[in-house]
Amino acid sequence: MKAIETKADYQKYVDEKTPNSPIWGNLFKAFIVGGAICLMGQFIMDYLTTGVGLDKDTASSVTSITLVFIGIFLTAINVYNRIGKFAGAGSIVPITGFANSIASPAIEFKSEGLVLGVGAKLFQVAGPVLVYGISTSIAVGLIYYLLK
Amino acid sequence: METKKLGKQSVKLVNPPSIAATYSIVGPKEGEGPLGKYFDAILDDEYWGESTWEKAETKMVKECIGNCIAKVQLSNSDIDYLLAGDLINQCTPSCFGSRETSIPFFGLFGACSTFTESLSLGSMLIDGGYATNVVCATSSHFCSAEKQFRFPLELGNQRPPSAQWTVMGTGSAMLTKNGDGPYITCLTTGKIVDMGIKDANNMGAAMAPAAVDTMYMHFKDTGRSSNYYDLILTGDLGYIGKEITTELMETRGYNIKNNYNDCGVLIFDKEKQDTHSGGSGCGCCASTFCGYIFNQMQAKKLKRVLLIATGALMSPTTAQQKESICGIAHAVSIESNL
Amino acid sequence: MDIMKYVWCFVIGGAICVVGQILIDKTKLTSARILVLFVTVGVILTGLGLYQPLVDLAGSGATVPLTGFGYSLGKGVMKEVDEVGLLGVFTGGIKATAGGVAAAILFGFLAALIAKPKMKKQ
């Protein structure tokens, strides 16, 4: 092996030395778990529309609330991180993962108090999601209004 | 005046201090690892009866220092200096763990290189005639480190294969002027080496060039060959960093394949414990040395050890500002006989 | 019962997660960035009229992933603009997603009061 002199050479060498994530296995696990969470959402939705007789928009909101509850409940009993270790994006991308990203820092920073610990850290990930989601929706709404 | 300096970065101690005793405390996962039987105390959980991880780490520092001093039947008033450090902001576990000791205190930060940083400075204090007994202590805690540097424990994310597992552990060593070994004979103080690595999930690669630089300067300054040592041991480079260090030393003309290892590789069982690239953290080198290596030196199974703790100097802020990671490594030569 | 509805739900939902996984493994994006990206993309695709067909086909397979949260924001804002005009630009998105967001805040808060963080076993 030749001596490494520059940072660029070293980065290249390190990239060769660093093992990649087992991508195919990860993709498969993300697909299965992500699909399963969506299917669970569909079952809840179907039950609410055909079983309970809610209209579609209400059922959709109740489904979201239910999935959020499940995600946060599994976070609180120290289970969601284990699902996440297995499924990766399969349990990050669904709304249950959003719920997990809200509850996990709030639980972790409880030791720093109810206001700046729990209250502030609740939005550690949810904050950026809402900032960009809502801002984009306003931009989309404005363009839609102007084009109408 | 007689100079004690050797070459550019090294020091030969004229009055080499002895390591009179060590004490180590580790968490449950480290206790289940391959070195489990060598640690002085293994905790049952990550809280140790405290309400937060930071308080648990503080307690680990406090108990480790106290038990180390008690091992040699001394009391706190016999200790001239306490040198301690850890990974948490403003080194609070070390400061708070030391607040009831009434021992003159220096708080150190060298990231995970702090253990040999403290041994280096402690040895110089004794050799210089400023101290008779010095306690050096270093700690890290998986949960408090994850909380500060990475993600909440309950967050459902994945760790890449290059990630390392921060050791929950603390180690302290008592250095004394008039002992009968093992002796600290030479020190090589590292300079900061930054090869531009930015990936906080690949600390081994970020720190390896610093380890190589310090090791190379040690051999050059002291005129020793790599075969002089029974064991060359880096602090927490893990599997990837160990491989890089071995290969980079080879390009500089040193073959260390047979007598080189890394604490991060030794402390966990990679397959059974799912620790990816190995252990890391201040406590990795400290507990491995104070538990396992010191035991082997006392049993004369190891006579000459070059301990090189390695540190990644960075903070969550520098990482967010896309700065690269600075590496540092300090070498301490420990020998059974003079 | 239409079995194909469930098949598409599973396949599309899984496929959206696979896109996230590729981003995580190949670009080292953190989960926070993935979530922000998916919401934003969901809003934009909805605005362009490209997401509605996916929802028609896959149902929850398209609404449960965070792109679906973006879909609710986008669909809500356009509906509100239709009904109340300019003010709807500001009220539509949050109105449509209020249930999920309020639930997440409340349940997250309660969870923090009750739960204690524990070390991962592996």
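Residue numbering begins at 1 within each chain, and the chains themselves are lettered A, B and C in the order written.
Keep this in mind: a residue touches a chain if its C-beta (ideal position, glycine included) is under 8 Å from a C-beta of that chain, and two chains touch if they have at least 3 such contacts.
All of these numbers come straight from a predicted model, not from anything done at the bench.
J.: Could you find the chain whose CA centre sits the greatest distance from that of subunit B?
T.: The most remote chain is C.
J.: Look at the interfaces B-C and A-C and say which one is made up of more C-beta pairs in contact.
T.: A-C
J.: When the C-alpha atoms of subunit A and subunit B are each averaged to a single point, how far apart are the two points in Å?
T.: About 37 Å separates the centre of subunit A from that of subunit B.
J.: Per the centroid of Cα atoms for each chain, what is the distance between subunit B and subunit C, given in Å?
T.: 45
J.: Could you work out how far the Cα centre of subunit A sits from that of subunit C, in whole Å?
T.: 9
J.: Indicate the residues of subunit A shared as contacts by at least two other chains.
T.: Residues 20-21, 26, 75, 78, 81-82, 85, 87-88, 92, 97, 101, 103, 107-108 of subunit A each touch two or more of the other chains.
J.: Scan subunit C for residues touching two or more other chains and write them down.
T.: Within subunit C, the residues that touch at least two other chains are 24-25, 31, 115, 117-118, 120, 122.
J.: So which bits of subunit B are touching at least two other chains?
T.: 151-158, 160
J.: Note which residues of subunit C are touching subunit B in the complex, please.
T.: Subunit C reaches subunit B through residues 24-25, 28, 30-31, 115, 117-120, 122.
J.: So in the complex, which bits of subunit A are touching subunit B?
T.: 1-4, 7-8, 10-11, 13-14, 17-22, 26, 75, 78, 80-85, 87-88, 91-92, 97, 100-101, 103-105, 107-109, 111
J.: Residues of subunit B touching subunit A in their complex?
T.: 51-52, 54, 147, 151-162, 195-197, 202, 205, 209, 240, 243-244, 247-248, 250-252
J.: For the complex, give me every residue of subunit C touching subunit A.
T.: 5-6, 9-26, 31-32, 34-36, 38-40, 42-44, 46-47, 58-61, 63-70, 72-74, 76-78, 80-82, 85-86, 88-90, 92-94, 97, 99-101, 103-105, 107-109, 111-118, 120-122
J.: Across the complex, what residues on subunit A touch subunit C?
T.: 20-21, 23, 26-27, 30-39, 41-42, 45, 60-65, 67-69, 72-73, 75-78, 81-82, 85, 87-90, 92-95, 97-99, 101-103, 106-108, 110, 118-119, 122, 124-126, 128-130, 132-134, 136-138, 140-145, 148
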